[in-house]
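Note that subunit A is present in both complexes that follow, paired respectively with subunit B and with subunit C.
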Partner chain A sequence: MADENSKTDESTPATLPTHEELVDERLVAWYFLAALAYLFISMSGGFLMAFQLIKHNPLNGIEIFSPGRWRMVHTNAIAYGFLANAFLGMLHWVIPRLTLRPVLDRRLSLFIFCAWQFVVVATAVGLLLGQAQGLEWGETPVWIDPVAQLGLLLVAINFMAPIMKQKGPMYVTLWYFVAAFIWTFLTYAMGNFVPEYFVSGSSAGAVGGLFIHDLVGLFVTPLGWGMMYYFVPILLKKPIWSHGLSLVGFWGLAFFYPLQGIHHFLYTPIPMFLQYGAIMSTIAVELVVLTVVINFFGTLWGDGRQFWDNLPIRWFYTGMVYYFLTCLQCSLQVTLTFQALIHFTDWVVGHAHLVMFGVFSMWLLGVMTYLFPRLLKQEWYSQTLCEWHYWLSAGGMLVMASDLILGGLFQGWSWAALQPWDASVEISQPFWAVRVVSGLAIFGGQLAFVYNLYKTWQLSRVRLS
Partner chain B sequence: MTSPPANRQRTMFIVTAVLAVLILVPSGVGFVNKLFEFYGVIKGEASGAFAFTPVVNYLLASMGFLCLMLWAIGHGMFHDIERPKQTMLETERMLDEQRATEVDS
Partner chain C sequence: MFESKSGVFFVAGLAFFGFAFLSNALVPAMMYRDLPEKTVEELVNPNLRYQFEDLAQRYPESFKKVYGTPPEETGARSEWYDTKIAEALRLGRKVYVGEACWHCHSQFVRPVSNEDLRWGPVSTSGEYQNELQRPVMFGTRRVGPDLCREGGRRSNDWHAVHFFKPTDLSEGSPMPQYPWFFDGSPDKPNDRGLAIITYIQWLGSWLESYPYYEDFVKSPVAEISLEGDAAE
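Up next is the complex of A and B:
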């Protein structure tokens, strides 16, 4: 029956290419390694800021180590260094295997890899030298913006080439990826150029709101969901519960997501109808998310044991539970009443960590856990270290997010009671101390992973020789 | 696939039509009302035009996706909607088998 399907599929080339013809494994591994390096740089920035907040900054007074600058390195290195690199590595594996066609040009892939590392390093250096652009999440110095924009265009061209040759119905992963290439390009242009050169004041604020949210929703989310729709069925060895429902989720995201960004700026001078519009489209996206979550849990149905026995699946589904939690948080955040309480508090920082690390990084780390042994053709050196990696990451994240979310509520109540600002800083101290401890647990988890990877690589060398 | 009996088809049609009217009419009225409000803001306030920027951004992005969706419908992308999930697993299996044979040999 399955053979029948593949024979009749018009999108498949006549002869089956080999995996080596399709996938440049070396490049996938390089992307993953670069991503891990930036993850450590980013976490170091996080610690610097975290220590500053508990008044124990070990590098106090040194301009280049200013926590304000390292905070920007923290977020930019995560978005453009860790997430972008890890996603690019994953795309080099998934797209050729799904379309049975290699990317447009392997030399172009190599060029993009080098160019992207230049963009990320130059961004970090620019930020540390005080050249940040005054736009949240778009702090990349203005002179790097055109280079990054060009890089995104090349990425889109390189990956769209095999996808465009597909004929007949397309698998949902490819729909998400196509959308991500277009959206990321447009979102980056909108956020980095429109407020800088074309509009100002509240208008620039509104565009900034669209940008920060669209960066999560139209760059990270489609790549993340697309990736899950590929890896979950492969690991569970059964198709996704409903392909039709997955497409409902995709088109729902396409139409409802782009308008929500303004929900970051409720109670601002932006006209109320736009704020209400953002709230309504957020509610619509909540329903869309529900279809996606139902689909994935429907797929796991009957195979619950795999959650415990299959480590990548555990990473994926833990990320999905966290995803559901972030969306639940969102449904509270988006109401004007609740927003009045939590705006500017650590509730939002907790939410940001939950979604960026708890969801997308967990998925990517799960993908790496699955792919590294295939790339190195060697089983993991230590399953125990793999378990430590998972538990320290998942547990550390749970503690960090709950701590910041709770701390945020106390800060909000303190401000609502018109307490002086200093009082809210004082009550935050225990919460900020717990953040450092949970951060150390997450950091320890990643150290275990990198050590395990190094030993696995050594074993693979020995086997080869 | 056999089609459902005629009376069931009729009930399904009535239920769909009633739901469509119940959902689409109020949403349509709300939407048109909002369009008038939007027009009022743009025309009425000196700085109202700035509200225009994010909406135009949204409409441009959505128009693109609307066109893509229509193109996809026209090209039969949603026919036999569950097939790609089987094909995808099958190609994966073939690639892995081929790779395993290469490694063995």
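Up next is the complex of A and C:
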């Protein structure tokens, strides 16, 4: 693949540019640090709601600490604070190295960094002041939406510049990234403006469903998989197993993923034939996902030892196992039979955590585990702490997801049996208690990571002086 | 095409997204184009008016502080109330969204899981074609019960006490307290308190079977207004 590229790509400079010319390492580090800061803000919001549910919220009745408002900070901080920032940092590393060209303009990069932090902080402040927009995953107050939209446009321009100069077929990673830039822009515009200003009721529900789903499927997923197609072959020092399966994976995702949004609102007054369509394309995409997962395990085949010895690889492949599980779960829960029982329950909450933390956050934490030593020019202060980070995150996630999924079944059965409403809250208590414990484990893992990072940074300073 | 910039950009990026938007978003929008979107003013109905006047009687001081005094003359009084209800509904929705009520309470009754037995008639499209459902408040999680048939099911003072401290009324409720809807005690709701109660009482107030659960005496407000208008 690489050889082919250099033959067709006549514009590739004769002498390879150095890494320093390509990558603004300081910016990558800043993005990662910002991401970690928002990860902690998001986890705090999660805890506030989790403690509220088990009726041990010490801050109950204080407006600025209202668990409802912090619940929205929880999801928005993870999507726009942690994931977006970490992805942007990763893109500033991957795209210049892959295209052998720097991004359009370093000053623009810096401006985007500042603008994006403004968007995220303003969102959090707006939410805490009670100015949310009534759109799930898009609660960003309406006045921030145009700023975020502009930010996404600038991001696309900045990264598309080096990609556009490349000639000939692109590597898999860039298919996903190019598509992600345009999809993210369109998804954000569709979700934040159409149901707010143009349509209401069931149509707004259909658009809202598309937005929830596309945000995961067309922003987070393609950036995540593009990242895997870049880092996995580099770490394993061998090419992706099957180029054909890469093609099937990308084009299958591109066609089926945007068609599924309405599966978030099954049994609503949205026309039934549209609900059936969403269900069928969801099941179709699960088959596509299977080909991608097979492709990556085919790549690992023969190097199984690396799963244990190479920590970033372990992060990545654990995420992929979770990805397979969450997609398997999805192909079941999307059916009307399952929906009747599990919709509105913690089953869905478990699913969401498994996707957003178990897959994409874990991949990004793996990338950080790999890149921080390179950014700081210093090996990790403690491998043991790195292991703790992994095991607490992966283990905590497995417990949290299983616990919530199981709890969701009990809630659904309680409702269908026409038990008094309080009964469903009563039976949820043990599940909610376990969720808090698993959340604390994940939190502990991230603390270990941040402490380890701080000590590593200290070591790097000592070495420099 | 499959690996080129233009293929990915135009086919996967633009065309597939456009196809999905067309089939999944524009189709329902076109289907409901004959169902015009109601403004908040058009949503005011006698059932809701009954609840709103009840608020005025239960909390006269708070009500006066927020909305002022209604005019004496019957016709103007009726119009005044309707305007204030619309105002309360708008703010009420803002509070409902801003406090994330919709992340723990849904607003639609499904035709499955015995939901119509628990809450009332299954939701229909027409119920959502209005300004207060933009974006729609379907919701995706039920920690607490569905609310789209909640209007008239409980009294205004029940809601006031419940918002102030939910566990006082439903022991074991994990719902957070909302003391900032009040000036210190549950008998003094402020503008947000009156608005959110009005909004909750609106939910389902348009149904003929309203309220679904309790003994119901038809609201006399509509007739009184009509008589008043006729007398002039």
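Keep in mind that, in the parts below, the second predicted complex is superposed on the first by the 454 of 465 C-alpha atoms of A that agree within 3 Å, B and C clash if a C-alpha of one lies under 4 Å from a C-alpha of the other, contacts with A are read in each partner's own complex, and residues count from 1 in each chain.
Everything that follows uses one rule, which is that a contact is a pair of C-beta atoms (placed from the backbone, for glycine too) under 8 Å apart; a residue touches a chain by one contact, two chains touch by 3 or more.
Not measured: the values here are computed from a predicted model.
On the shared subunit subunit A, the superposed partners subunit B and subunit C overlap sterically. Contacts of A:Q52 after superposition on the shared chain: subunit C is touched, whereas subunit B is not. Once chain A of one complex is fitted onto chain A of the other, the partner contacts of A:G208 are limited to subunit C, with no touch recorded for subunit B. By the touch criterion defined above, A:H19 reaches subunit B but does not reach subunit C.
Judged by the touch definition given at the top, the superposed model places A:G244 against subunit B, while subunit C stays out of reach.
Applying the stated contact rule after C-alpha superposition, one finds that A:L98 touches subunit B and leaves subunit C untouched.
By the touch criterion stated above, A:M170 is placed in contact with subunit B and with subunit C alike. Contacts of A:V199 after superposition: both subunit B and subunit C are touched. Once the two complexes are laid over each other on the shared chain, residue contacts for A:Y267 go to subunit C alone; subunit B is not touched. Within the superposed three-chain model, A:A254 lies in touch with subunit B and with subunit C [touch as defined at top]. Set against each other, subunit B and subunit C differ in how many residues of subunit A they touch, and the higher count belongs to C. Residues 168-170, 179, 182-183, 186, 190, 194, 199, 201-203, 206-207, 210, 247, 251, 254-255, 258-259, 261-262, 270-271, 274, 277 of subunit A are contacted both by subunit B in one complex and by subunit C in the other.
Residues of subunit B that touch subunit A in their complex: 34, 37-38, 41, 47-48, 50-51, 53-55, 57-58, 61-62, 64-65, 69, 76-95, 98-99, 102-103.
Put simply, subunit C touches subunit A in their complex at residues 2-5, 8-9, 11-14, 16-17, 19-21, 23-25, 27-29, 31-32, 35, 37, 93-95, 97-104, 106, 108, 110-115, 117-118, 123-125, 127-131, 133-145, 165, 170, 172-174, 176-180.
Those residues of subunit A whose C-beta lies close enough to touch subunit C in the complex are 52-55, 57, 60-61, 63, 66-69, 71-72, 130-136, 139, 163-164, 166, 168-170, 174-175, 178-179, 181-183, 186-187, 190, 194-208, 210, 212, 218, 247, 250-251, 254-255, 258-259, 261-262, 264-265, 267-271, 274, 277-278, 339-341, 343-345, 348-349, 412, 415-418, 421-422, 425-426. Only residues 2-3, 5-6, 9, 11-12, 16, 18-19, 22, 97-98, 100, 168-173, 179, 182-183, 186, 190, 194, 199, 201-203, 206-207, 209-210, 230, 233-234, 237-240, 242-244, 247, 251, 254-255, 258-259, 261-262, 270-271, 273-274, 277, 377 of subunit A touch subunit B when the two sit together in their complex.
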